[in-house]
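Take a look at the following structure, please.
Lettered A, B, C and D in written order, each chain numbered from 1.
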Amino acid sequence: MTVHNEALRDHACLIVHGPDRPGIVAAVTALVTRNHGNILSLDQYSENADGGAFFQRVVFQRADLTAAIPEIEADLAATLDEFGMQWSLTDQSVPKRMAILASTSDHCLLELLWRHRRGELPVTIPMVISNHTNTADDVRAFGIPFFHVPSQGPDKSDAEAKILELLTGNVDFIVLARYMQIISEDFLDAVGVPVINIHHSFLPAFIGAAPYRKAKERGVKLIGATSHYVTKELDEGPIIEQDVARVNHAMTAADLQARGAYVERAVLSRAVQWHAEDRVIRHGNQTIVFTDRP
Amino acid sequence: MTVHNEALRDHACLIVHGPDRPGIVAAVTALVTRNHGNILSLDQYSENADGGAFFQRVVFQRADLTAAIPEIEADLAATLDEFGMQWSLTDQSVPKRMAILASTSDHCLLELLWRHRRGELPVTIPMVISNHTNTADDVRAFGIPFFHVPSQGPDKSDAEAKILELLTGNVDFIVLARYMQIISEDFLDAVGVPVINIHHSFLPAFIGAAPYRKAKERGVKLIGATSHYVTKELDEGPIIEQDVARVNHAMTAADLQARGAYVERAVLSRAVQWHAEDRVIRHGNQTIVFTDRP
Amino acid sequence: MTVHNEALRDHACLIVHGPDRPGIVAAVTALVTRNHGNILSLDQYSENADGGAFFQRVVFQRADLTAAIPEIEADLAATLDEFGMQWSLTDQSVPKRMAILASTSDHCLLELLWRHRRGELPVTIPMVISNHTNTADDVRAFGIPFFHVPSQGPDKSDAEAKILELLTGNVDFIVLARYMQIISEDFLDAVGVPVINIHHSFLPAFIGAAPYRKAKERGVKLIGATSHYVTKELDEGPIIEQDVARVNHAMTAADLQARGAYVERAVLSRAVQWHAEDRVIRHGNQTIVFTDRP
Amino acid sequence: MTVHNEALRDHACLIVHGPDRPGIVAAVTALVTRNHGNILSLDQYSENADGGAFFQRVVFQRADLTAAIPEIEADLAATLDEFGMQWSLTDQSVPKRMAILASTSDHCLLELLWRHRRGELPVTIPMVISNHTNTADDVRAFGIPFFHVPSQGPDKSDAEAKILELLTGNVDFIVLARYMQIISEDFLDAVGVPVINIHHSFLPAFIGAAPYRKAKERGVKLIGATSHYVTKELDEGPIIEQDVARVNHAMTAADLQARGAYVERAVLSRAVQWHAEDRVIRHGNQTIVFTDRP
């Protein structure tokens, strides 16, 4: 049975993107109107006027949305497919299903569970999978299933196979909440849903192990975090959100790490929320993010 | 002769607002399209679905805009007037003419002149009027005419009459850059263009004289500034922008005032820029501000 | 049995304040040194050189601190009492005992419990008292005692008497986490420990009921929160911390309230932390706050 | 003739740093006291209790400071030299002399001149040197000498020699305001005063040419700037200050660069102010910065 958010009943989110062409905004808004949609918000971005890409997000209200979706989709296909535009139509009252993969570190995991519990993340969480057991009780206290899949052993493909079994068909996207394991290309291909990661970021960057120690030695005044979609290039996928916090000379490497954990929690939460609200459109290695930041 | 910003040649900004009705976004975008406009950005806000007000800002590119404006305006009138919608169409390459009224305090005045000089404010500044002469040399060093209109005397209507004479027909909006004089209702009616003011703001508010001393005595941790349109209710007009800065116990009342001056400069500059870019729509005692804040 | 924070073993915090006089900083640091203290941090503030007040916070490490406290206190009394200086010496490894008074609204309550659970607040929480029962399960899930003391009835003194009974001797300070009841002067006198409150703040202020609706109608661009010590003047006590969040025209009064709840959580948490770390010194209706903000 | 800031008359700033040892804070404060100094502010930082470095900044008021400096310095030498402590004593009413080296880009240069003009930077500016002439009129309009030293040619040592001639004996520190030339090791040795630089920073870093284009292609959400002391390692010297600004998908590479210029101006200004106020202590490749940020 599908969980519904009654406050968003009959709210649809339409995402359109593809090659820009004259009149595309008018065509999309006319389509919404002739399908009896009442536009609540509209965001739009044209890469450039001459042959760039075009992106639009429209949220509209439409009575009896569930029943109407097939005919709206037929109209979308008829209107947009010939121009090579991609589109997706989602019922905003149906929350996306989010799996969390975690490891020993719990700050990002618990932040997500906590925000979800407070009604601040429009998702359901069918499961948390960890390669350690230390967070099992915490997760289950939120009423969320916890599965332990150890990642030790000579071959990680066993672990990935077990994780795939758990995830397949059950989730709409995956969050790596400090999972700390490299995800294989095969896994990414097989799982078939977006995977969001979080990692620390510095100005300048510090490559390799012990980045907070290096940041301390370098005397940086800011530490940050980046949330991005996972691609085959480790930590190089499209960035969704970034932020920083101020630090100073009096803070130890451990203090920097604690401050960094705060930034990671906030950045990952925003990235997850925007993804869940269909505010993020991938475009090559970039993202278009129609945020709700005032 | 009209000054043109070549980078914005053939860019038009269309503002539409009025009672919401089904299909209004589609109607406006269709109008832009049939007038050969290429939509560059679109912001839209519906107060509420049932009978609230609707606001839209569309920036579009249209070859030979200057020549086409009359026919686009005719189409706008034919399409929108019957529904009681208000609209305005502006050529973004023509900067608005901004007069500044100032007094002895120079921080807001010089900030505006300085940003203008750096090309950061899309306006021309035909004149600065002050009731003191201390900033005359500074203003003229920027190549801008300075007029001295003293406000002393039993009757301020003389001063206002002189100011009106200078302004009438020459400016599109007026900025009170710490002008410190109460503007009469008659002046507002006669001048007929928007007037933007800046004043300090606190949490909580401190009424009357010496607000920084009171803020110091109260031990506030934030001081702020508010920029708004001037209406007959002093300091009660529609708010355009607000911001705050952090202060602490070690700062004197003079330090608070200096910090407050920084906030005033930043807040007024943003308000002026957004007004000049037609990003602010007045709606009763509120504003809709389609900012470009990322 | 006293709970100890091992990381802060043998760390003492000395607060000195009173009339400024030449050589006071040297006298206090000499005292710490002759008592074998190793100064870890030192903050100091002189209101003004001529007869103002002086404030100092010194954190020092001293082997066998517990055993040494009586002799250090004797030295403090001998050195400072004759000059009318007030002082307090606390063992930082002993967390303060914090009671929380709450009502139906849970955002501030749960934020404090959650941060405490993560080890981010150096306090123990011997009890939560609420005039409603809706948060009982949540509180007890954190392993913290919950007491229900209804505040209905013609006479609130009964409820206050029961609360006093629960608190007396058991707590070092009290936090009103959206308690929404006016605290009587008698209660404040009787309870004898600091009481910290949180409330929303706006620029400008909105007096009376439904402040978020008024803020929406006024079109404010910022909403804020203030945390302060409770005194006999309602909401007028010494301010500890304030902050704001940006809002815009598209947010409903309910959105403003939700955003306001975030600010309240953050502001109250910082105020509580700084109080618990002896970083806040009251001085008339002001506070000196030696923050650790980088 | 030395320029004096009357508001800081008789204010001294004492910086002490070196190996930590018990009682050092008490020893320094006792020294100030016995030399009739009234401590106005005191900042202190101990790297760690066991053999780390110690840093202290004391600002004190002392009647007839100018006359007393030799005897205070004698006391400092007698008290601190034997422990291997370094110290410096400066009269805060004497502003430091700051030279600016610039190139075609004027945003950092003009920001410094502008802030100086407004009394916000406690320095004098004896000269601006540029390898181009485009800013000459602007600089001279501020009443500041401008020298043109071209850097073209096969051998840059000629240019550096001319710059050295202009600077030697005339300045207390140098600011590279987007100077864009690599400073030779020989020049750094010969000039003998601190050199402060500003450059853009990103998360992640983008090496080499056209960093803003690369940042755009990577879709970053933040761009930043770093100000640091120049050492033999290009852009690797001790960091004084860093900050970032938010950007989004709709901004072009040129927009990012414009936004970056804002951040550079703010970061460099703060670094210069803190250096000028003796708030920055170099320690290996790090800095201790006792900021006045509230």
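One rule holds in what follows: a residue touches a chain if its C-beta (ideal position, glycine included) is under 8 Å from a C-beta of that chain, and two chains touch if they have at least 3 such contacts.
None of these values were measured; they are calculated from a predicted model.
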Note: of the two pairs B-D and C-D, more contacts are counted for C-D
Whole-angstrom distance, CA centroid of chain C to CA centroid of chain D, is 38
Can you give the whole-Å distance between the Cα centres of chain B and chain C?
42
Identify all positions of chain C at which a residue touches two or more other chains, and write them in rising order.
41, 45, 248, 250, 293
Testing understanding: with touching defined as stated, what is the shape of the graph linking the protein chains, line, ring, star, complete or other?
complete
Residue set of chain C touching chain A in the complex reads 41, 107, 110, 114, 118, 141, 246-248, 250-251, 293-294
Spell out the residues on chain A that touch chain B in their complex, using ranges where they run on.
22-23, 25-26, 29-30, 32-33, 36, 38-42, 44-46, 49, 61, 293
Could you pull out which chain D residues touch chain A in their complex?
45, 201-205, 217-222, 224, 226, 238-244, 248-250, 285-289, 291
